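Naming follows writing order (A, B, C and D), and every chain is counted from residue 1.
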């Protein structure tokens, strides 16, 4: 059994981790911490877990996380980097669901996240936890930077084209739409039901923190810097991301074969038949990414559609997938449930 | 392994049965029929099942359901009664998710369902599949009438009070609210997104088919006819029922103890702490029924709140629970997942 | 032209007042105050008002409300009572959309609102602003207590029965469902989209502040104290209230005639045909209350359905209706638009 | 008074026309036809219109539309072209809200709409009813082709750039998101609440009927053929379209000045401040189009955001605007109401 701790369990990625881990046959959940809610039974905050979780939120200071095999950070940005060093020194492996270890260029990180990095030496050793790209490194990683939600959907959509070198990398467009849970469990006006329901808008069009993360990764796939325009939108879903990607490709590329071949061994990427339209609800609550593509009017602009559940493949599910890889477990363990439809 | 067939798998109870059964460790799914969609891969209609179900919808005439151990009818009312006799004669056990075998009084059935019953002799032998009431009979039943969604929520809410004889049975009120999937996968104007979203209404207030079903059952619990007013409402949820029950009780009843004691051994009824407010999302996708009660202003009118997922405990999940009981399996097998929240 | 000021215009009742008043042909909007947002153009906060409102939120201290003919308080409870005395002394008429002047019994008010009343002498002179009941008093009122949203829907539903003395007043039940805007523009977790969407729950079942307000009013209609059970529910609508009322009545009452006769002259109460089911969307954005009734199974329990838009007839629209009455304008002025459907 | 008839009033554009016209001070509504619902009071189908419309749906054969000044066709594609000739001959002006007269190239029309055109000679004389482009021609037009919903949002977003010749017209991308009412009042499974709620998907990516309409118009603005990729998405809104447009422009263009100058005299185009994010709810129920733009990372890819209410500026409201122009009325008459927010 893998002994697991969670730091910061009161947000949506926290409750989603719990939902997945309580049914995971090889996990022993030792502790979940929350400074603010210490002492409160977890199931009082998340009633779906009544009967499934007996744990009480524990004070981060008193929780003995050093006895865990792995600790998940489901915290805001800037927390994991304060605590990772000590845990790693104690032999605990760390999976950070926030952004502290995603960006390799520290100057870029500082610019977008507005703070100095607390442990720059760990950034270099952190493995970016996208299994479809870094599976082998994840196996032995001590510190995994779990990818962002938008970045997961966008990367998996572009990956085969960039690796194959068939795309015009200077004009990549990612028009992404996310459900409201992507903003976290934050009590702010724009995320109120009466503001976000029956409403649609773009946001952070001039610059979103996921832009440098996606750019870094796409450049790595392409072997050169890329030109990426990334526009996120808030859509009245609880969960789900659809990324609509626009990219120019050579006319004679067999796109379907390219995608099917690239993802043939991937348990959590489903290349749909040509001309399909993946729906976010088909992955609701599941760790699957579904992808399809179109070539409207037979032109050279390819449209790739990529859907995930932002809380599962975009956060907690991918973190569990990484844990499975790190501990030599079957990669799909605890992640086999189909999406909830309708 | 239990060999399972499903008749009529293109509606919401059908896809929900599939979602549960594909992960059930003791089920071998043999066939799923649809007259209209024969030949179509199930996963083409329900993309959440891609990679989980390889079956193709088969023609009802050609499907060899006689080799199944149990057949679920996820069909409109009036279908199961046409086919049950033959299956039962072949030794196949039958679970009907529609209403054909729920009402014992044939005249009442005819009045509310507008047709003659095709096999009245089977009605008497059918067991009403509410495990919390009829568990022993279900074990040996050949034919189970799976309860309606509203009836499940309402019965579990009233049951302890009526059995204990502490309620004024002449003035029972059930104000019930259901998500739109309760209407089935029916392409009719009132259930369109643009009609049902951001809208709330009561419907069928003068008489709904679940009224005789609930009345029959409550009378059985009480040992006498009851006076029930039942008002269903359509609410912009995909899934979920909340029943708000009003009943006058003797002032000195220890309601919490009564409910906790009655449901102490029930794996799928969760009596919440006093003064709690169960939410439908806490049971989204799960087979749980959560119940709490209030006594506003300390008066003699008790308010009982009961929530279920109409497609799970109100339909497919309860059917699987019944199957588990009928075949001597652990009652919770395949039904252990917590609700999807958020 | 009526010179109008608004105190506290950053909430939902504030923006709704603005939406109605900017199109009102006899209103001159002088000032709208907000301590927090002083200096901000109103249309920056509420982009639907771009091109309609040039006003800037002004500081409450500096705003010269004394020159207004009428001031609306769209503030939290406990604010209007601090400022009403001075305005009234200056000859300004006041309409309070909060609860400061709704409850005549000061002890009851203190108990439910948890504070001492700042101007008890004004409570007695305040007129409860339900035009269907108090139209004549409203005409000359200096201080109007605009009714709560639930109280409006519930009172209009019960009124004809109680005035006619045909109801059993000891067992009145009001099962009410409200859209999320009824909670105000408050950034709190339970009102986030990811918490309130696709979810249904009751709340404050043991006691809600609108219970004493409704009880006071129903007792007045009935000429005696009433026994009322009031259960509010949160439903995933932006706007809208449906109150489902249960009451026992004498079997030979002509309910349809009673309602039609009582409301024959009312411009904002629509008695629908027998057996109708009013929908909240039919009054979305409009000041109408629609009512219908049913007598299920011909019994003695009557079910009355009453719908309003909580922000219009339940708040800002009714306030404008009161203003029209107070200033001798046609009562429907500025309130004639049909609901927005779909 | 303008004497108005409506053909086909049972869909969403029909009820929206009614909502606008019943409050229009210069309109006399003579008849509204529906083959299927002839004899039914309009307000029975659309309860928001109770008290506002006394008309009964009349049989199209018997309705004497020849006495109208103008007839709106709120019908499916292919109906108006059957009846326009006769009405025009009788001196009645016609506004078609469907697509019969939008495409000038008859071969293109046939290809995308799958039928022969019934009156090709009228296509040439029809005026495309986008007032911001064709106001002068609309004034004297006998036959107006009211633009599609997506085409309205997309054209207004691209127009200033194309007219000014500062855009790379070979790579225009329009990623458009629409509420479900855009599909019309059609009882089909994909538009059911339980399918479309909490779900997001692209559709018709390989080819949508609005693509040739948009392409035709953009080419006209640019003075040359354009390369357009158009991807529509279904989003869980009742109303609203957001079009996110991607276009490469010369680096030294003053975009804000260009848009402000182009739309300075337009009553229904609101150019927002730089870096704004228009929301669909800001135009809910209103005839406004709001536009803003961004230049992410200061690159040469411009992102333009354009929002409308698909049923108002995208259909019925624009039709009323056209009528106002055709009959010499103030262009904003009957269209002045702000959007309904929240």
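Following the convention adopted for this analysis, a residue touches a chain if its C-beta (ideal position, glycine included) is under 8 Å from a C-beta of that chain, and two chains touch if they have at least 3 such contacts.
Since the model is a prediction, treat every value here as computed from it, not as a measurement.
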At minimum, the number of touching-chain hops separating chain A from chain C is 1
Find the chain most remote from chain D, comparing centres computed as mean CA coordinates. B
Counting in whole Å, what is the centre-to-centre distance of chain B and chain C, each centre being its mean C-alpha position? 39
Between chain A and chain B, tell me the centre distance in angstrom, where each centre is the average of that chain's C-alpha atoms. 36
Chain B to chain D, mean C-alpha position gap in Å, rounds to 45
Using the touch rule from the top of the page, what residues of chain D touch 2 or more other chains? 12, 179, 181, 194-195, 197-198, 236, 238-239, 278-279, 281, 284, 342
Using the touch definition up top, name the residues of chain B that touch chain A in the complex. 12, 15, 19, 22-23, 46-52, 181, 197-198, 238-239, 270, 272, 278-279, 281-286, 288, 290, 311, 336-342
Spell out the part of chain B that touches chain D in their complex, as residue ranges. 12, 179-181, 183, 185-189, 191-198, 236, 238
Can you tell me which positions in chain A touch chain D when the two form their complex? 171, 173, 175, 177, 179, 194-195, 198-203, 205-207, 211, 227, 229-231, 233, 235-240, 242, 244, 246, 248, 275, 277-281, 284, 294-297, 299, 301, 303, 305, 307, 342
